[in-house]
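Mind looking over this structure? Questions follow.
Order as written gives the chain letters A, B, C, D, E and F; numbering starts at 1 within each chain.
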Amino acid sequence: MLYLTRRERFSAAHKLWREDWSEEKNFQTFGKCSNPNWHGHNYELFVTVKGNPDSETGFVTDLSAIGQIMKQEVIIHLDHKNLNLDTPFMKGKMTTTEVLVIEIWKALDNKIKSIGARLHCVKVQETENNAVEYYGN
Amino acid sequence: MLYLTRRERFSAAHKLWREDWSEEKNFQTFGKCSNPNWHGHNYELFVTVKGNPDSETGFVTDLSAIGQIMKQEVIIHLDHKNLNLDTPFMKGKMTTTEVLVIEIWKALDNKIKSIGARLHCVKVQETENNAVEYYGN
Amino acid sequence: MLYLTRRERFSAAHKLWREDWSEEKNFQTFGKCSNPNWHGHNYELFVTVKGNPDSETGFVTDLSAIGQIMKQEVIIHLDHKNLNLDTPFMKGKMTTTEVLVIEIWKALDNKIKSIGARLHCVKVQETENNAVEYYGN
Amino acid sequence: MLYLTRRERFSAAHKLWREDWSEEKNFQTFGKCSNPNWHGHNYELFVTVKGNPDSETGFVTDLSAIGQIMKQEVIIHLDHKNLNLDTPFMKGKMTTTEVLVIEIWKALDNKIKSIGARLHCVKVQETENNAVEYYGN
Amino acid sequence: MLYLTRRERFSAAHKLWREDWSEEKNFQTFGKCSNPNWHGHNYELFVTVKGNPDSETGFVTDLSAIGQIMKQEVIIHLDHKNLNLDTPFMKGKMTTTEVLVIEIWKALDNKIKSIGARLHCVKVQETENNAVEYYGN
Amino acid sequence: MLYLTRRERFSAAHKLWREDWSEEKNFQTFGKCSNPNWHGHNYELFVTVKGNPDSETGFVTDLSAIGQIMKQEVIIHLDHKNLNLDTPFMKGKMTTTEVLVIEIWKALDNKIKSIGARLHCVKVQETENNAVEYYGN
């Protein structure tokens, strides 16, 4: 079993904010991430798939095909977007990195299967100090 | 003459947008950076000062003092903020990285002088592929 | 289950040295790391915790809370310190990166539990070429 | 159990190409990686070994010993070489990163055992966006 | 005056080799870079242009336009190519990084002028340890 | 004129400390860098030389020759050493990065001339946030 990791990047705005909470409670809970006027990040998305190499090509799967799926299924909805307002799969959800990796997993899982590999890990690096990983359960 | 560089970071939202232009013209000119709902970046700010080392301390100036000035004069107005809406020294200005480095220079110049050094360069790295530098004229 | 990783950094001096060995045996075993006058590193500490996201906040736990625990329990004893002489939890121990990750784990484990998460991995990157990870057993 | 990772680097040429296929089929399958005149990369090789720390030295094993084995068994055959033409353990094989990590594992496994550690993972980073990991089965 | 830097990447094969020299002399002069079967690198190309920001847009020039010129004029001839055999502007030349930055400058200079900016610096990073810069004279 | 930059690394201990000052005054001036028991860093040394490319070889000068000079003249005295106690060219001097770049310049200048290039810049990166450059006057 081999594990292939592909990185794609996106630059997005977001805020951590519950509409049903006061500004004070939002600030107490989410700190500077609750700025009502948004803030943003250069996110790095690492998708790891697993599989066995094909005896003819030596490929598990073409990593650029993984990149294409990442772009079509998630990056197009994330890059130069507002995660709270513009991203279909984040609508009505908290835009923490935790929720983001779970939703990205859901958006990619079947598409990865359709090219003969299996999704192993979705990792999002939000800043050089913070990252979250999800393995599907 | 020695050149000291200090890095600080900020995560901010912005958009490239002229209110006196139509959405179409904004999009034609600024592309995906004109998303009305904002996007954002992890910016890296590199400030370079120059001076001669003190014979007693071996310091041109304490680099952590430079860091303090950067935080008090600019980072506090940039980090987890919206550059178009929240940053006093960007009000009414285009929030391109070009304009940003000039305004950061203006915000820092006198303060750097006041601790006995001279501002040499303000550099902002917007993404791993794009950066802008300004040397004061 | 989600895995959150927080990075903090510390700059420290140390040497690999057994007092009950001769200088020759120390040098034979530990090479240049046995320099009696010490050497040092910019260490990077990556702490990974695991847990489930809270349905209200979307947080497993606030990553900046993890950062605070890291600073209070370990970084304060490591940064700009001598690992052999100044660090309480390394007293009388070899200051290899192997021993360091185990002792950092012990210093963090209960505190991480107390904020509702579980410690998953302690990783220390000593140089760009060398790193050690510990998963608690 | 502790996990130690050592990085070494190599710069090599290769192409993805089957002699028993036409140039067209090679290009269809491998894209720009099938350029008949070769292309190349700065590869990063990360080898992770596992073991328990020695009570006297605090070492699982000397990481520079791992580095030596990596150099003698694999880097010498990879650095400034053509993976298709010059590397004994890649002869007659596809030079995908997938096949490469498996062959590097085979070349290292016994040597790592001989210094009292166990091979845990071989990872090759081909570009800043693409990496492959192998855990031995 | 502002300085904008855009990074693009290319993966290429090359060798340092003079046909009018013996293999011995090539090896004596160029060391492992003279491997007859080629080797390769992940090169990073940094192009810096200078100019004044437009008062309406806040742009010196659109950095993605710089990226487009870099791709059309040079990257297309360098990426997944053999610098000695495939790159028109390197034909018959030594493929040292020194010669490469000069030829990239020549290939870009007029195109950069045509979008209203001036070329300031071409930098190529060959490995994490080696880089060459050229300022046009 | 071309500019070639070579990076080498060293891991060293040091402290900022004047023997003719009290511990209090040392701490007031140098903060945590004055820890009597030392601290340390992974320093990165970037040496830039300038010259014209040779018409036969395409080299300004062999970058590995620059690396050799760096190793023999400075790295050997810095790596796994104590800058205050072990480094001949730092004896009796403050071990700030400012003083270090000047002394490294003096140690390299003539040797670089002897291989037909000219020293342009010595840069030392002390941490990911702090760096100092010196251009010889």
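What we mean here is this: a contact is a pair of C-beta atoms (placed from the backbone, for glycine too) under 8 Å apart; a residue touches a chain by one contact, two chains touch by 3 or more.
Values in this document were obtained by computation on a predicted structure and should not be read as measured data.
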Using the touch definition from the top, what's the fewest steps needed to get from chain B to chain E?
1
Could you run down the chains that neighbour chain D and chain E together?
none
What angle of turn lays chain B on top of chain C when you fit their CA atoms, given in steps of 5 degrees?
180
Of the pairs C-F and A-C, which shows more C-beta pairs in contact?
C-F
Determine, using the mean of C-alpha atoms as each chain's centre, which chain is farthest from chain E.
C
Taking each chain's centre as the mean of its CA atoms, chain B sits from chain F at a distance in Å of 29
Between chain C and chain E, what is the separation of their C-alpha centroids in Å?
42
Just how far, in Å, is the C-alpha centre of chain E from the one of chain A?
34
Where chain C touches two or more other chains simultaneously, the residues are 128
Which chains are in touch, pair by pair?
A-B, A-C, A-D, B-E, B-F, C-D, C-F, D-E, E-F
Using the touch definition from the top, list the residues of chain A that touch chain D in their complex.
1-8, 53, 56-60, 62-64, 67
Spell out the part of chain B that touches chain E in their complex, as residue ranges.
16, 18, 29-31, 93-96, 98-99, 101-102, 128-135, 137
Can you check the complex and tell me which residues of chain F touch chain C?
9, 11-14, 32-33, 35, 37-42, 79-82, 85-86, 127-128
